[in-house]
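Note that chain A is present in both complexes that follow, paired respectively with chain B and with chain C.
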Partner chain A sequence: MASSQPRVSDLAWDADRAAAIIAAHAGTEGPLLPALHALQAAFGHIPAEAVPALAHAFNLSRADVHGVVSFYHDFRDHPAGRHVLRLCRAEACQAMGGDGLAARARARLGVGWGETTADGALTLEPVFCLGLCACGPSAMLDGALHGRLDAAALDALLDEVAP
Partner chain B sequence: MALIEELDYGTPAADAAKTVTLSIDGFPVTVPEGTSIMRAAMEAGVQIPKLCATDMLDAFGSCRLCLVEIEGRNGTPASCTTPVAEGLVVRTQTTRLKQLRRGVMELYISDHPLDCLTCAANGDCELQDMAGAVGLREVRYGFAGENHLDAAKDESNPYFTFDAAKCIVCSRCVRACEEVQGTFALTIEGRGFDSKVSPSAGEAFLDSECVSCGACVQACPTATLMEKSVIEIGQPEHSVVTTCAYCGVGCSFKAEMRGDEVVRMVPYKDGKANHGHSCVKGRFAWGYATHPDRVLTPMLRARITDPWRPVSWDEAIAHVAREFRRIQAEHGKDAIGGITSSRCTNEETYLVQKLVRAGFGNNNVDTCARVCHSPTGYGLKTTFGTSAGTQDFDSVDDADVILVIGANPTDGHPVFASRMKRRLREGAKLVVIDPRRIDLVHTPHIAAEHHLPLRPGTNVAMLTALAHVIVTEGLVNEAFVAERCDAESFAEWRAFVADPANSPEATAAVTGVPAEAVRQAARLYATGGNAAIYYGLGVTEHSQGTTAVMAIANLAMATGNIGRPGVGVNPLRGQNNVQGSCDMGSFPHELPDYRHISDAAARAIFEHEWGVRLDAEPGLRIPNMIDAALDGSFRGLYIQGEDIVQSDPNTHHMVAGLSAMECVVVHDLFLNETANYAHVFLPGSSFLEKDGTFTNAERRIGRVRKVMAPRAGLADWEATQAIARAMGLTMNYAHPGEIMDEIARTTPSFAGVSYARLDELGSVQWPCNDAAPTGTPTMHIERFARGRGQFIITEYVPTEERTGPRFPLLLTTGRILSQYNVGAQTRRTANGAWHAEDRLEIHPHDAEERGVRDGDWVRLASRAGETSLRARITDRVAPGVVYTTFHHPDTQANVVTTEHSDWATNCPEYKVTAVQVSRSNGPSAWQEDYRRHAEASRRVADLAAE
Partner chain C sequence: MTLRLFIPRDAGALALGAEAVAARLAAALRQHGVAHEIVRTGSRGLYWLEPMVEVATPAGRVAYGPVAPVAAESVLEAILADAGPHPLRLGAPDAIPFLKRQTRLSFARCGEIDPLSLADYQAAGGYLGLTRALAMAGPAAIETVIESGLRGRGGAGFPTGIKWRTAAQAAGARKFIVCNADEGDSGTFADRMIMEGDPFLLIEGMTIAGLAVGAGKGYIYIRSEYPHAIATMNAAILLARAEGLLGGDVLGSGRGFELEVRVGAGAYVCGEETALLDSIEGKRGQVRAKPPLPAITGLFGCPTVINNVLTLVAVPWIFSHGATAYREFGMGRSRGTMPIQLAGNIRHGGLYEAAFGVSLGTLVEDIGGGTASGRPVRAVQVGGPLGAYFPPALFDTPFDYEAFAARDGLIGHGGIVVFDDSVDMARQARFALEFCSVESCGKCTPCRIGSTRGVEVLDRVLAGENVAANLALIEDLCQTLKFGSLCALGGFTPYPVMSALTHFREDFVPHRPLAAE
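After this line comes the complex of A and B, so read on.
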């Protein structure tokens, strides 16, 4: 994960830019996933317009592309906020008080799962296991891991990015 | 009668020669190596519960219902994905398995509506069956948990619904779309609990890449994908196996009936042409048979400007006989004729030509094959000795190189195209020679190795250039040629094609295709292993159509690609029975089995059978009939099941000829365009209303079986027989089977064919006789039918149709998946959802030059006439080429096509017309006039007012 998202002005759909990105992957083995990563890096999400373009370039159907894009939660269908906080919702973290942290985060930010704050500062997402079960409850902020969270630690993280 | 239940073995058959023996529930079973345990159990009579498995698809192993125990192995493997092995001891029913299966079913049912009594699949639901099979008695999880029961229903497709609430996400539809149809229009979106079936990128079915072939509906084990006709009517109670009446693939279907109402048409797995697959037309577009436009009473009128007067069959038949005899008395016996139909059965076609030859006393009989594959008949007869394709469809499974020229299989022959695409996905190489970038060139998971986008009208130059490369680069299969072909003709041909004037470099200027691409394609064809050529009307419908067919035959012979599976010359026949109508003696110069009318021995067989003397002189072809009508020497015509006004070229000329006749009899389902110029209308019967046979593109004779009484009272063969009798001919067939018996008696290639044989074998490929009692899948195996293969010199002669300043573009025509030919049938179904009008495809460059935007009305003009239609801008066509379909009478694309035709057979040159395109406001004056005449001409007199 990039530590910061592209600027919003860069995220608008640009067919020529997308075509260039896709063309750069044509002829390589298994080009779809690398091309999707490159598109998301450029546009902050996988724009719907990219699906037919990818399908045509790689001799796939739109359904083929959509199946892959929708399978991976990390491929977004719209751009995220400037920062992304992922709270672990898996069993070990729940056992260590993850539910309370989740409720706290949602209440403070005023957003549901997968939503972005009105000012575009932060997107809140659930994640199912970061591999940090020994240090739960855990979270990931813009790609950086944080363990042994409690209310104060969570507030401190949020103060940094969504004051 | 009962519903035909086809056993589902769960996984496809393995074709290994080696067998293994195992024990299933204590019974020994011997099956080919590679068979799944599930299938082996089924062979032994044990049905293992299953949901995601079906024998049309590869095993998937997701439903976890088909678990078994295997002695000495851990766990409970899925029987669908576990292959058999020697000595395995398998148990399909143990306490542990029973508990596991019930647990799995409980999970499925906890997220499934419990509305079985009001569900459209009630009585035909595998989920319901499996709940019964595993003894589901309770669902411990309850039904209150999170579920998908409120999922939206997609009813966008005109023929089936997608009810996501009932989906168990077994992926059978997704896999059917991939493996069987090869369109890849469906996927599973999301994952885990969010998984759901998605057409394309979360689109509605109608907007998605779906081509509505029905494979997914067929595969669905629940009511999720369900025919709307079943939702409306209910489950069928009996079924009858019959043959589709659309294209030359000739798919076998089960007509599933309730009483005499068709509930649905389901592709038949035992059908040897289609192996259980279908397309949107055969599967769904059969509603025309009961469309209100069907005319169900005979009608007469004195003049074509009069309204029609409904009459009895007796009056109509007596009128036809009286008028035809009057015309013959006044203008000579040759003043009348008949046209047989490639849409009708072999038996009906045979009867019409018999009526003409024996009853009219002349040979003025022709068929719509005149305008499509007559060059195939002539070209392959000359080179190989038989007027037919050399292979069966299964042959494509053994092809390594597939050369498609002048054919668009995914639109024209979709069920065969799916087979071809599967072979291409397996690794066969594809060469496409076509002015247009047809779908096969670039479609999901398929890409042509070479696409040679030649200028329309240059096939012969292209094919000869391919031959040049093969001869001059030493790629000839010398051993094959020496053993099988005529040495003298080969030597002459070799010298001819080797001429530098025929090299790809020399012909590039004519074809517009770079020489190197032609060379690579030729090398691939000659050296890539089994190479098969598939071609269509893009080859035949040219002034040099016959020459191109012979050039194709030359290529196959020179490379030894004849006489075994995987190779050959394969004409993709347009109509369901175009092969059959040609076989049945529909041409003015040929008796059944392509015996020339001047052949006294052949004539003697029929003279003996029919008790009449036959004229030894060939009769008139369709264009000759029209010309003769204009000079007054031809005045009466019986047209069975063909709309020559819409389908034949140069509409103005055709209309003038028909208008000059005194008795035009149209025998058809609908008041078609030709009926606007007719004096007698005889109501026809659809393929659902009669018995008979169709012969498909692979020479396969399949039974057509009656599922409802003729809606107008008489099947077509009965009406023809009535005319024959009224004209004094003795004709007393009680059933079409008796007509087939007569065909078998008189026709060597059909000598072994009878309805009993067809019932026994399902279908049979001619020649079927004492030498080949079960038919002939591959022809010319040891020797050519004519003895030695004959090479023919194929000099390229450009068509006289040239572009110039007034007409700078070349128009070529074709058809589209959802519509069929003149559209008489498909326009009377919901298929208009995909193709409501004909459009003119034009390259962006040509469009820009003319200020034409996508969707604009444009005027399309040629030397012959002009029409208007809307434009579609696409780079699928090359600059300088425009393309349209001819499905809609409003467009009348054939107003534009010319009188040019094949030198040997008069097959019209539909594929090349010099045209100009300009912006227009709407329909042309001719279109308006024609529409007015058509409306006036379809008036039926109000009987009560008389």
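After this line comes the complex of A and C, so read on.
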């Protein structure tokens, strides 16, 4: 959901930065999800080192924290590519040819769902509904929305980020 | 005189280029040296006409659309010529039949006003409902909601006032109002539109609920796929707090109500109310067994009212116009209006708020104009991924909770997804089972295991293995899912599967292998 990916130089684990982010949520009731969103916004993923730090700060077991991180589709265990293209795979977009567009994107990029191109340029992710169901097929590229996509429009998007 | 233009910043309009249109119009206006103001609104919900640009004239608004970025300058020439002729000129927006035929109670302002202008909101009747509610004692306010006949718009259709009364009467030092804005059903976007286009309406509805029930705090749980709605709601909450419409002393009443947005993390099942509560608490979004009802033991163990966005935004109108006026709309036990969402392969897709009772065929063929592709309609899925597929033979079904249930369907959150005759219904049935297997929270066995076995059995049917026996097995499995699951995810997945089998049996023949993904 971040409008742009963090810079590569910012993705490395930094215990002090993480501790500050976690501490900022200490006063929140039910702090784990907000803290995870903030960590992912900072590091581009949920670094493994964050799990014990969260567990300690919020008085949870590491298993509890891991269970939450792995339950939600949004949280990554490694950084995404420089760009993220999320293609809607839900019914309203299917009705407008979304499956064909998805096949086109996978073939051109040579990746499956959730995978990143070999050059690290782009991660392709499925999304189940962006709420653009009257103007499908739709997609989100680095936070920017695109509707009424067809093969030419998809190609133009991909030309920008993964030429 | 300053020229006033209105351009949506609704996510749907942005996806169609509204930002570029606004930028090009602003640049051209500067070049012309015209004093102007560009107001960014929500969308009126006529998505085939987005981006829709409106201009204020002495005779009212005049609309142009769909304005592609490349057409911005030529449309501006027409606008500067006294809102004159242009191939994209639509005239007065209110006169467009799609809008004119609606009964807009909840969406009266959406697309017309600046979503973050409290002055605009109040000038258009905003906060009249809360003012009336504040003049009532809590129990009287709850009676008003009961009298209105309002039922939960998230899909279950439970009487809202009864839920409020249960939470109000439950013992607890703290109580909560939780708004379910985890609008995950494909084909639905009404929650998103109202949060982006008229956020104070949701704040007002939640405040009325909080004061009636005796809850001091509310949470709005918004899915992460809606970054624009999240931003607008957060901005609106800050503005409302600054004006004393939230906080310790709402409108000088001496009573307090606070609001906070919580963001989901991409789990469909968190739209289920108890999974949503666990998610706010920072846990895996797993469904809780009921009882206890959330109204008695809900968020953080406290009495909690959980209502959908569309339920809560119906509330201010009920207080400003009266419960009787609201219940005069509708049919049977479905009172009031429903913001219906026309989606998928449809010519005139968008938001259509109408009193309950309009037929499915009228919505799809007449109001929606049939398919976008121009091919015949073959199936419509009503109520999201867990809703049934109806063929045109069932188009006489009125939009009503009970009428859809009587035909083994549901209206859910009011989304209608249209498919033309190129759809493969066996593939849609398989998708429903696959979706359930991916999104299952894993707590109950029928949903967790049954959905996976269902995909496997259906694949055998499509491979031509023991077709009759395997179809019988799927029907049996659907019975287990329907009656044995803990929540609607497993319990309703049989609707799309069984409706596809019932109405489109001819599609369940051997297929070429479906691509493994």
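Note that in this section the second predicted complex is superposed on the first by the 163 of 163 C-alpha atoms of A that agree within 3 Å, B and C clash if a C-alpha of one lies under 4 Å from a C-alpha of the other, contacts with A are read in each partner's own complex, and residues count from 1 in each chain.
Everything below uses one rule, namely that a contact is a pair of C-beta atoms (placed from the backbone, for glycine too) under 8 Å apart; a residue touches a chain by one contact, two chains touch by 3 or more.
As the structure is a prediction and not an experimental result, all values here were calculated from the model.
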| item | value |
| --- | --- |
| Chain B versus chain C as contact partner of A:34, first or second or both or neither | second |
| Partner chain in contact with A:147 - chain B first, chain C second, else both or neither | second |
| Partner with the higher number of touched chain A residues, chain C or chain B | C |
| Contacts of A:12 with chain B and chain C, given as first, second, both or neither | neither |
| First (chain B), second (chain C), both or neither touched by A:59 | first |
| Which of chain B and chain C A:90 touches, first, second, both or neither | second |
| Touched partner set for A:71, first chain B, second chain C, both or neither | both |
| Which of chain B and chain C A:23 touches, first, second, both or neither | neither |
| Set of chain A residues, in rising order, touched by both chain B and chain C | 64, 67, 71 |
| Touching residues on chain B, where the partner in the complex is chain A | 177, 183-191, 198-203, 208-209, 442-447 |
| Residues of chain C defined as touching chain A within the complex | 11-12, 14-16, 47-48, 50, 183-189, 191-192, 224-227, 262-268, 279-285, 300, 341-346, 349-350, 372, 381, 385, 415, 417-420, 423, 428, 431, 435, 439, 441, 515, 517 |
| Chain A - residues contacting chain C, complex | 1, 3, 29-34, 36-37, 58, 64, 67-68, 71-75, 90-96, 103, 112-113, 127-136, 138, 140, 143-148 |
| Complex interface listing, chain A residues touching chain B | 48, 51-52, 55-56, 59-67, 70-71 |
